[in-house]
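What follows is a single structure, written as structure tokens, with notes after it.
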Amino acid sequence: MSVKIENLDWMSYRELVENGQSRILIPVGAIEQHGLHMSLNPDVLIPQHIACQVAERAGGMLVAPPIAYGYKSQVKSGGGNFFPGTTCVSSRSLEEYVYDIILAFAEHGNREFILINGHFENSMCLVEAADRVVKQARLSGKEVKVILLSYWDFISEATVDKVFPEGFSGWAVEHGGVLETSIMLKIHPELVDMSRAVDIPPAEFPPYDVFPPDPSWVPESGTLSSPSKATAEKGEWILDECIEKIATTFS
Amino acid sequence: MSVKIENLDWMSYRELVENGQSRILIPVGAIEQHGLHMSLNPDVLIPQHIACQVAERAGGMLVAPPIAYGYKSQVKSGGGNFFPGTTCVSSRSLEEYVYDIILAFAEHGNREFILINGHFENSMCLVEAADRVVKQARLSGKEVKVILLSYWDFISEATVDKVFPEGFSGWAVEHGGVLETSIMLKIHPELVDMSRAVDIPPAEFPPYDVFPPDPSWVPESGTLSSPSKATAEKGEWILDECIEKIATTFS
Amino acid sequence: MSVKIENLDWMSYRELVENGQSRILIPVGAIEQHGLHMSLNPDVLIPQHIACQVAERAGGMLVAPPIAYGYKSQVKSGGGNFFPGTTCVSSRSLEEYVYDIILAFAEHGNREFILINGHFENSMCLVEAADRVVKQARLSGKEVKVILLSYWDFISEATVDKVFPEGFSGWAVEHGGVLETSIMLKIHPELVDMSRAVDIPPAEFPPYDVFPPDPSWVPESGTLSSPSKATAEKGEWILDECIEKIATTFS
Amino acid sequence: MSVKIENLDWMSYRELVENGQSRILIPVGAIEQHGLHMSLNPDVLIPQHIACQVAERAGGMLVAPPIAYGYKSQVKSGGGNFFPGTTCVSSRSLEEYVYDIILAFAEHGNREFILINGHFENSMCLVEAADRVVKQARLSGKEVKVILLSYWDFISEATVDKVFPEGFSGWAVEHGGVLETSIMLKIHPELVDMSRAVDIPPAEFPPYDVFPPDPSWVPESGTLSSPSKATAEKGEWILDECIEKIATTFS
Amino acid sequence: MSVKIENLDWMSYRELVENGQSRILIPVGAIEQHGLHMSLNPDVLIPQHIACQVAERAGGMLVAPPIAYGYKSQVKSGGGNFFPGTTCVSSRSLEEYVYDIILAFAEHGNREFILINGHFENSMCLVEAADRVVKQARLSGKEVKVILLSYWDFISEATVDKVFPEGFSGWAVEHGGVLETSIMLKIHPELVDMSRAVDIPPAEFPPYDVFPPDPSWVPESGTLSSPSKATAEKGEWILDECIEKIATTFS
Amino acid sequence: MSVKIENLDWMSYRELVENGQSRILIPVGAIEQHGLHMSLNPDVLIPQHIACQVAERAGGMLVAPPIAYGYKSQVKSGGGNFFPGTTCVSSRSLEEYVYDIILAFAEHGNREFILINGHFENSMCLVEAADRVVKQARLSGKEVKVILLSYWDFISEATVDKVFPEGFSGWAVEHGGVLETSIMLKIHPELVDMSRAVDIPPAEFPPYDVFPPDPSWVPESGTLSSPSKATAEKGEWILDECIEKIATTFS
């Protein structure tokens, strides 16, 4: 039986969730440019993939349909919100949408939720949604627990060293770089065209942000570092570790 | 090249949309029970399928990632919001989310949008979002046009007669019935289990609504009429007509 | 003693509502053009009239001041929001206003509400307001019940046949047509000028909506069908049936 | 022809407002207890009456349907929001509703609005709505002007002396007292029952407010001073002055 | 130990507030022009000063950091929102900010709050915030009490007579006049420059408001009456009375 | 003349800002526990101090009154929102408040703003406020620029090495540690009591967040690392660098 909630009929779903016995994993991503060599949806597909693998490995978990449109891309983490194709929503929209979705799942008897985030900029919206959900649910006697995680926080230094044998430029510039590209090569190679991967030094930014953003701060390709050393094998290493650790932590 | 925006890299997308030459099709659905015999996602998968087919046939169109969570299911059109698995959001959330998404696409230079709705209850939220988007975009000099359609409004009486040779009980009770089931049998047979299709008379309702809803008004299965006469062939008739007409109307 | 709440002093009102013994009827309408031959307020006056008659017949009911400004007129049901005189509010405003009003009446001890709608476009705003009120009131221990009805849903086929002996063009085009005009001729003849009633065929619309709306879709007069066969007698038939049935259903 | 907008057909209305030649008067009131001797609607009926009289006297003015539900009654000006029958909305609801209504009238070409307030507590919500309307309309090139007045601010000291020959206790305690009662005796004697008018000294309050409000601060009848000296003649004096002055000021 | 909450470490604060034994005083002001002779912050500094003095005198009270930015200045009470330097927020922002702050203090166990207002225009926003806080806190079992006061309401007629030996022009025009200037001379003489105090007659206004505001209604200096008779001694009289009375009332 | 806007009279302020010649620095902080040894306001006082010093050094800058209440403290950056004394607001409140304040300053002719953040958790609210301000101001023809910075991002590795000669545990656990304590010892020694500084190892956290937060994750003192090695001299090093660099960058 599918771990994806949307593929179940409601009675099968009801059986799986009754008595709050299941954890609901909710992938949250973004539609955001990831360079010339990759599609706009890694931030959706990666957390969804991880969620499904975790659910299959750990048991007692179901995966909700992903939230595809995320919070506005920022220059220093996602290239900026001015790229064609980057299609993002306001913090209020994302917060309210996530808030409503969790409360709706809570109505079915679910009490534990794991938000699996694939887009850095979503973080604070998810924090606020989670905080409000917990308090609102409590008003009607429901003790809800929301875990919030970004998958890359489960990658160990050892794996980083293995993936970046020539040195790691830091998480800040990994947007569209080796990390995401490797994972996509592993799970959706048809959405990656390595022949268009640019070879650029890691982006460098001043220690502040400016609005409206200044496109000249960002490499033309939209990636913040070079994806050219990405391989499906590296993607597998990363995924294996994330999936294993998340599954273990929350089993 | 894919008609799905999320599968494109940003430069390819930019080329396709420049000068406002593309129409953006946005499928809007819901996660909602559709009876014992079917998954929770027909309202998402059907408009997404139609959108992709229309885009391929008509040209000059791109399909946005679907909006999966829709407005609260109502008793007389979707069985009601109390079914486990039915996972819906408030009108404010849906309206704001759609509003932001259209404005984000408008920032890329797009000026024409077609919202393809798969969930009746979404209608008024989409009306409000569309009305507000048009006015807001105009403030910054963008003349945006939003088409709003529900695919079933393109089905002719002739097709209805063909699909329901023993007589049509009306659109109002088609939730999870022959119409949606036939389409799903055609496009996602793996998500339908006809052995669990109930055989019930069409639901009858009093001429008003009540809140909180009264579950005893709704057939136990959650469908408002019997899906047992559904076939993939009927689904094909319906889809062919919808896709053909929508593509022709908006070419 | 008046059935209109606004005409009572507070102590008389308190006596009538204590122990939640009264149902509160709330007429909800709109200020919207209804053709050259009629005033802008049928959607307010008709549900208010019905509410008062129902309250007098059924007993145990009180009528709240009507909510006069409703949700934006739509082309295919009300001619569109661009007509001078059509003066409508956003969904958020209407929803919040209705929500607050019901909660205020609930503070007085009332537990049952009947929203009598006279403007099709209000429907989903009232659904959302009702749904939220029920949940919010429950948080402070109040079990509130909200009935939502549009008066025309109580008209039988027999009456339709009698009112439209030459055939009925359907509810969709009844805006400013025989139905509303006949009722107004009965209850407010001074607001109807049949000499200005246009004689036009029923409007026909494509199976979708467009924003901004296209005024050329709508007959110049603003009515969607001809009111020329309207009579006060027909109005009486319709009202008698609606009032009788609503009073009986909720006694 | 009626000065009430709702009684006009849209074409007649259009003719009257074209080129922004009319001022739109919008009465804003409240449903609020006004003692044992009076109905709940003086705050609606009085400004509506004044608006109609002003429009007839001054010309070039039209009266919008009144906004009946106003901001929450406060202890020291309206007795408090805890009285049965007092049925009020939040500041957000009132502000948004008024904001939307003015913008809708501005769409018809109107540029000058006079809000005639009958309920003290509405004041700041109307200020905020007016301020926001002016700025929002300007974004689309419309220069809108909103006048905000409370009718009692047009009463002269001379009239006060005449109405209160034994001395005036101050505006603050006029809720349900001689002023409002006299006006209601003049315009709606059927809604006043002087046999139930209490004879009490003017209410006295500490120099602060408390939430939740303390009902023991308020006279049991709900009026803040005695209405027993009210007469229709005094009502006429007051109305004559208000109507005359408002008409003159804004002609 | 400081009465200012922000100067305490959290453990000392916890000890002082446990069992709800402390009242929390929250000064609410505005950044608003007060004439050529005075800084922009009297509406913040005065209530903060009073709060601290009251807390020290009465005991069992703590003073929260002041809310510095208040609701939009109005022509007839603060000169209007168009003066450079007058830096104000919308009613929604102020209401939400205050609402959140009180709820946050309530989470620490506090149950009684005194909002000390220094800016007339804030009043209704504080009313709404207080009303909503009380209701929201009650949903989670907390009985919160909010006192709302404007310090000038504690000044007696005797003091007014003493401060204005040549006659008092009324509270309405005291903006930037003798009252506020005298207090500032007492508590922050470095922020007053009496050599720039204008000598003007009290402002006179028509009995209505207009939006957008008309700057010609307001004296050029921005004060609504002359501050030239202000002295530190008068400021002391006023403060002594306010502090004494507030401390006594709420001890 | 003071660089603090609130200390200026409006005419002096007007002169300083005309033609958009000044940059407005807005300190944004929080009221949040910072351990047993320190007051609740370092996140307010530090950015305010830096802002004033920068303004004095760079010229052409003015400092706005600080925004004292910030976004909810998070476990892994600020100890969590459950500490008594930590008094925080929702993202919506903070965002709206900051948004309104910047727009108000823009009305005075100002076009460049520098938000100096002292509380990590504020970041995304400030991003959203800045993004919305820029777009809204543009609608009325104002090109506004907003710089957003957190002062710690200007500290060099060299300074870090100097301040932490025994090794740096990372920014993540600097809450209430050597960094903030040293600065406070320099600028407000009266608010620090080193005798109460705890000696604890840096906090360690799992790679995810949980709501409701788990207090057992946080050291009892509320600091995330030991402040015991803090000195005023280190504070001076840090401040000198931040002030110098910020002043230089934006001169």
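Lettered A, B, C, D, E and F in written order, each chain numbered from 1.
Simple rule for what comes next: a contact is a pair of C-beta atoms (placed from the backbone, for glycine too) under 8 Å apart; a residue touches a chain by one contact, two chains touch by 3 or more.
Heads up on the chains, UniProt names are A, B, C, D, E, F = Creatinine amidohydrolase.
This is a predicted model, so every value here is computed, not measured.
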{"item": "Subassemblies held together by touching, chain B left out", "value": "one piece"}
{"item": "Far-end chain from chain B, centres as C-alpha averages", "value": "E"}
{"item": "Angular offset of chain C relative to chain D [C-alpha, multiple of 5 degrees]", "value": "180"}
{"item": "Same-site or different-site touching of chain E by its copy chain F, using the half cut", "value": "same"}
{"item": "Between chain C and chain A, distance of the C-alpha-averaged centres to the nearest whole Å", "value": "47"}
{"item": "Geometric centre distance via CA averages, chain F-chain A, whole Å", "value": "29"}
{"item": "Centre distance in Å when chain C and chain F are each reduced to the mean of their C-alpha atoms", "value": "55"}
{"item": "Junction residues of chain E - those touching two or more other chains", "value": "90, 92, 139"}
{"item": "All chain pairs that touch each other", "value": "A-B, A-C, A-E, A-F, B-C, B-D, B-F, C-D, C-E, D-E, D-F, E-F"}
{"item": "Chain E to chain C touching residues, read off their complex", "value": "135, 138-139"}
{"item": "Chain A contact footprint on chain F (complex, rising order)", "value": "71-72, 74, 81, 90-92, 95, 121, 123-125, 127-128, 130-134, 145-149, 153-154, 206-212, 249"}
{"item": "In the complex with chain D, residue positions of chain C that touch it", "value": "5-11, 13-14, 17, 31, 33-41, 44, 64-69, 82-90, 92-94, 96-97, 99-101, 104-105, 107-109, 191, 193, 196, 222"}
{"item": "Footprint of chain A on chain E - complex, ascending", "value": "139-140"}
